[in-house]
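Multiple structures are listed underneath, in structure tokens.
One chain, subunit A, links the two complexes that follow: it is found with subunit B in the first and with subunit C in the second.
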Partner chain A sequence: MRTYILKRVIEIVPTVLMITFVVFVMMRSVPGDPVVPLLGDAYTEEDAIKVRQAYGLDKPVLVQYVIWLGKLVQGDWGTSILSGRPVLQDVLVRLPVTLELIVLSMVVALVIAIPAGIIGALRQNTWADYTATSVAMIGVSIPEFFIGVLLLLLFSIGLGGWLPSSGWVYLPGTCPMMVCGVSLWGNVQHVLMPALALGVGRAAILTRLLRTSMLEVIRTEYVTTARAKGLAERPVVLKHALKNALVPTVTVMGLQVGFLIGGAIVVETLFAMPGLGTFGIDAIIGRDYQQVQGFALVTAFAFVVINLVVDLTYTFLDPRIRYA
Partner chain B sequence: MRANRLVVGLAASIALAIVFAGVTPAGAQKRGGTLRVAYGNDILGMDFYTTPGYEMVWVATNVACGLVSITPDGKFVPDAAESWTISPDGLLYTFKLKKNVLFHDGSKVDAAAVKFTFDYVLDPANRANMRQFLGAVHSVEVVDPHTVQIRLKQPYGFMMHVLAVYRMGMIIISPAVTQKYTPEERRAGKPEALVGCGPFKLVEWVKGTHLVMDRFDKYFESGVPYLDRVVIRTIKDPVTQMAAFKAGEIDFIADFSADHVDTLRAQNPRAQIMTGKETTPMVAMMKVTVPADGKPLSKDRAPHAIFNDIRVRKAVACYGMDRKEIVKIAYKGQATPWLGIIPPGTIDTVDVNHMCPYDPARAKALLAEAGYGPQKPLTFELMTNTEKSVFSVIATVIKEQMARIGVTANIRLVDKPSWMTTSTQDGPFDMYVEDLASLLTVDQNSYLSASTAAWNHSRHTDTKIDDFYARYAREMDPVKRKAIARELQEYSADKLYWNTISGSPFYQVAQPWMKDYVYQAEFKVLYKRVWLDK
Partner chain C sequence: MPETKIRDISGGSTSEADLPSVTAVVWPARAERSESPLAQGLRRFRRSATALVGVAIVVALVLVSLFADVLAPRSPIASDQRHTFERPSWDSPLGTDQLGRDMLSRVIHGTRISLAVGVSSVLLALFVGVPFGMIAGFYGGRVDTLVMRAMDLILAFPIYLLAIILMVMFTPTAGLIGTIKVTAAIAIVRIPIYARLVRGSVLSIKEKEYIEACRALGVRDHWILFRHVLPNCLAPIIVTTTLGIATSIIVEATLSFLGLGTQPPTPSWGWDLKANVAFIQANAWLSLFPGLAIFVTVLGFNLFGDGLRDALDPRLK
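After this line comes the complex of A and B, so read on.
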């Protein structure tokens, strides 16, 4: 097991490097030059050449990547071409916001999906199942931004400002800047709508998946045996059936993290949240290469690590799974 | 005060809409409070003299001070200077500085600081974006600690505009602080590196998060500013802006989407919605020349395959384009259909719409004359970008209008950097839709449309346009200048190097409790006299 974990941890490095390299090359392949917006209406070709030289943008892409990598190894994530701000500093400011959003979105998804999936399976072909399945189908079909706008209209405008429409308030002790709104209740208020907007779609997917898994598991012999031995329905479902049914769900949860990061871009933009999603999209739109690399590095790392955690979770859910 | 005598006849022609919202009598203002501002776009950087974009300018003009400022009706008023004179030949500007002007670090603003500022901007190594406006400056000399003289090479009718309002005006920078910190530190918004002499001092800027400015208690005008603090956040989505406004989470939207004004008005009947005659042109720019040697920006130019032919330009953009219909559909009628190179709200603008009446039959005849018709249909690419949804709407209407005259316009939707790179770096395009920079004066447009301008996206090579601009800039008589402006606009409309469709409306929105804000379009967003009545 230890060897397996070590092997997987080592694998993270080439995987993340490969992702950052692909992003690096792709960003330089798309049209658009960060020097043009940087110089704005004072643009001259002479100045553009000087700026490109200053940022090493005149060098071959591979050389630029090696330079970026060399600095990264020394802890230098580079500085934003457009704003001049250190990329790592901005990533650290924004990472907690997106982490909280993603974690809470997943919590929202699980809080909805687990009961709905179980009820749908146990009450198959009843009104409860049909309701769970239909709600799941609707949830899958509605994009995050649409749910977000509906929530905004309802809670921020319709109900006279029950929930704040935008911005962010940090949890006590987590403000990474000089000036922050800090309050536990304020944080909850600010994260609720974005987490719902992002979590509902994921809940729908997980509900359908869990229902299917549960349907398979509750028909297996060991569940029948447990019931025949007189075990109460609750431990049969929660202790024996659900644990095994969760294996494919957990796999998909890991993969869903990628979608959550993508969804965070939309939701953070809609709710004007200062998270990594808006950081990433602004970087891509501005062709701010250094900033894009910072975004790619963090998201790739997060995705790979979460999937490692997911793989390790299997051993807890199903003790028969052993990694050599 | 000589200042009033030096105002060069602007009052009648300046077409900024002014919303004074009932300026409060002195003493009635309430001090304190935090003004919460929403911007629709991010501040890109904080180095006053190199960062592009209005968002930074709207900060710089609150953090820094200049020699003079300008009122909405075009009067130049003192800022750090208490008075000024201009020599009869228009070549020597002498400014007397106020003695109580301090930078935020407590050091004095003196003539040496003013000279340092000019020298800094004029040094090409600093790539200051104001440098392009200082071509007429010969030298800046310190006469005594509180007197500074600017000597020009030739008369320039817009020197005061440059000092007061072009971009952010010539804001004064601290020599000590500028030398101590790097341009990167300024760009990154390090507060110690951005010491100004304006009413607010920078506390913190975190890109994409917020910008905070606090009242500068030693500001040279006693009693102002009234606000304790200004907090600026970026809210890009207009729906979220409206929700935040409705919920009272923000006091002021510095740039609000024209598409959503009616909805916001309906939701907030007491909101102060401010706008005026448009000072930004919405254009359908046609490329006139291409590099003959295939090298972008080459001086060796060849005719563009389609739009170098004036008959085709006139068929497509003059008689074949129904500007009224475009405005009706794209702006729900809330913009001015416009042909002239200078937007309807800019000084010395002239309505030349009559030169291009919508006439599809005439357009078809011109196309036939140019060799296009059913046997050889004209097809061109219409590039637009995703920055504003209205661009795509306009492109779609143009496509439909082109179809009516037998022309196919293939829309290519790109993102803003792709458009900017293609257009600025002489990339391949036939026509693009975009709104360009806001113009207070005709003179400002020379930086976008003279044949030598980097932003001359059509890449026309007609030096007659340059001559118009040069004559206009050097002419000190406002009446004669107006005549030159008319000539330029008629000539430009005839040649269609620069094809305007309409004005591009600009809106600002304030809560009813935000008092004494004075609307000056994109040119000035000042919080100095703003106070909160709540």
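After this line comes the complex of A and C, so read on.
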């Protein structure tokens, strides 16, 4: 087990390198010159050459990547061509916003999905089950941004501005800058709609999955045995059935991470949040090479680490699964 | 049931008496044969009300997209500066947007982009991914390693990161070319799904006796692959494709929402939703319709796909 974890942790490095390298090459094959937006329309070719040299953009792509990597190892994530700010600083400012959004949306998803999935399975083919499955079907079919729009219509416009439609207030203790809006209540107000928008779709997917796997597990012999030996319904469901039914659910949660990153970008865009998602999409569209690399690095790392955590969760949920 | 006739017992065990006489075996007539798995599946499918609702939605949307020019009361791209932000009325049932374009006509025409990208991106991924998966699974060894490493490379990416960067690389444009670019970007991120799915099925199917029998008979590889292996992995392929269309439509709408889909003036629901959200405070109704259109379309394909899955492969349930 220990060697397995070690092997997987070591594997993170080449995967992250590969993703960042592919992104590096892809971004540089985007047609057009990235120094043009910096110089404006009235620039001379000499100016452009100077700027390219200053940022090392005149070198071959592979050399540029190695230089980027070399600096990265020393803790230098590069400096944005367009804003002139160090990339690492921007990433650190924006990371807490996105982390809070994603963690809370997963909490929303689990808080809805676990009870809904269990009830759907235990009361199969009753009105409770039909409600759970129909609502889940609807939830699976609505894109995050439309849920966000509906929430906006309800809470920001319909109910006379209960919740702010955009912006951000930091949680006390997470303010990464010298000055920023900090307030617990303000933070809750700002994060509520985005977390719901991102969480509801996930909840729907997990509910469907959990219900299906609970239905399977509940018919197995060990559940019958547990009931036969006189265990109360609660431990049978929560300890014996749920734990095993969670295995496929966790797999899908891992697979959902790729979608969650896209979802975070969309939800942050809709609610104008200063998170990593908006940072990433602005950098990609504006072709800010250094910022894109920073975004790709964080995203790739998070993606790989979460996939590893998911794999390791299996051994906890189902001790029969062992990694050599 | 074949007719049974007690044989004259001349020696042998008494249990033989229960056996039908050889001469009396009547092969079941063609009509009495048990249903084929496909027919059984279809029967199960027809019994599911939700699946039929899904089919109805999908058929309706296909008709709307085919006859968009006839159904739309006005041009989806003709702007009219005198009639901007009009509330829903008899004249324009869903109102008009910031350029005075008729929202109903835009929603109707948006069906085309959504369905075209959703369906063709999945089909493109299918036609590339399935052969890769079949070859990798069937031949194994170095071919398998090579193909699956390439697929892992794509899968190593969070799908939206890859799709977004691909779209920036392709530079989003309007019209047919723009639509093809979005289709290609979504297809690329979906290829590995098919390759892995088919490879897995092929790995189990190729160990079956009937494949061994084919080999023993000297049947050529490509014949075995297309006549015997492929038909046996069709059920999961069909289910993945139908549900995949739903996902692709969401991805297309998301890319469009981020400004990376088919560009205006081509009507696209994601783009319209984003454009209308900017005016949500004063014109709340505008953002509803493109969103509802996306929702109904995705719901249709999801219900259809769920029904197919339950019907074609009860084990997948």
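In the analysis below, the second predicted complex is superposed on the first by the 323 of 324 C-alpha atoms of A that agree within 3 Å, B and C clash if a C-alpha of one lies under 4 Å from a C-alpha of the other, contacts with A are read in each partner's own complex, and residues count from 1 in each chain.
Methods note: a residue touches a chain if its C-beta (ideal position, glycine included) is under 8 Å from a C-beta of that chain, and two chains touch if they have at least 3 such contacts.
Remember, predicted model here, so these are calculated numbers, not experimental data.
Visitor: Please tell me, clash or fit, for subunit B and subunit C sharing subunit A in the overlay.
Guide: clash
Visitor: For A:166 in the superposed arrangement: first (subunit B), second (subunit C), both or neither?
Guide: It touches subunit B, and subunit C stays clear.
Visitor: Just checking: does A:93 make contact with subunit B only, subunit C only, both, or neither of them? Give me first, second, both or neither.
Guide: A:93 contacts subunit B only, not subunit C.
Visitor: Once chain A of both complexes is superposed, is A:128 in touch with subunit B (first), subunit C (second), both, or neither?
Guide: It touches nothing on subunit B or subunit C.
Visitor: Touch test for A:285: subunit B only (first), subunit C only (second), both, or neither?
Guide: Both: A:285 reaches subunit B and subunit C.
Visitor: Quick one: classify A:272 as touching subunit B (first), subunit C (second), both or neither.
Guide: A:272 sits against subunit B, while subunit C stays out of touch.
Visitor: Would you sort A:38 into first (subunit B), second (subunit C), both or neither based on which partner it touches?
Guide: Once the two structures are laid over each other on A, A:38 reaches subunit B alone.
Visitor: With both complexes superposed on chain A, which partner does A:47 reach: first (subunit B), second (subunit C), both or neither?
Guide: first
Visitor: May I ask you to decide whether A:223 touches subunit B, subunit C, both, or neither, giving the answer as first, second, both or neither?
Guide: neither
Visitor: Looking at A:258, would you say it contacts subunit B, subunit C, both, or neither? Reply first, second, both or neither.
Guide: In the superposed model, A:258 contacts subunit C only, not subunit B.
Visitor: To test your reading of the overlay: subunit B has the stretches 40-48, 76-84, 274-282 or 328-336, and exactly one clashes with subunit C. Name it.
Guide: Clashes with subunit C appear only in stretch 328-336.
Visitor: Would you tell me the residues on subunit A in contact with subunit B in one complex that are also in contact with subunit C in the other?
Guide: 30-31, 149, 152-153, 157, 165, 269-270, 285, 287
Visitor: Residues of subunit C touching subunit A in their complex?
Guide: 50, 153, 156-161, 163-166, 168-169, 171, 246, 250-251, 253-254, 257-260, 270, 273-274, 277, 280-281, 284, 287-288, 291-292, 294-295, 298-299, 302-303, 306, 317
Visitor: Sort out for me which residues of subunit A touch subunit C in the complex.
Guide: Per the stated touch rule, the residues are 15, 18-19, 22-23, 26-27, 29-31, 137-138, 140-146, 149-150, 152-153, 157-158, 165, 212, 257-259, 261-263, 265-266, 269-270, 280-281, 284-285, 287, 296, 299-300, 303-304.
Visitor: Can you tell me which positions in subunit A touch subunit B when the two form their complex?
Guide: 30-34, 36-45, 47-48, 50-51, 79-80, 82-86, 90, 93-94, 149, 152-153, 156-157, 160-161, 164-167, 177-179, 269-272, 274, 278-279, 282, 285-287
Visitor: For the complex, which residues does subunit B have touching subunit A?
Guide: It is residues 42, 44-47, 50-53, 127-129, 131-132, 183-189, 203-204, 206-210, 212, 231, 233-237, 239-240, 242-244, 246-249, 267, 297, 414-418, 420-422, 424-425, 437, 447-448, 454-455 of subunit B that touch subunit A.
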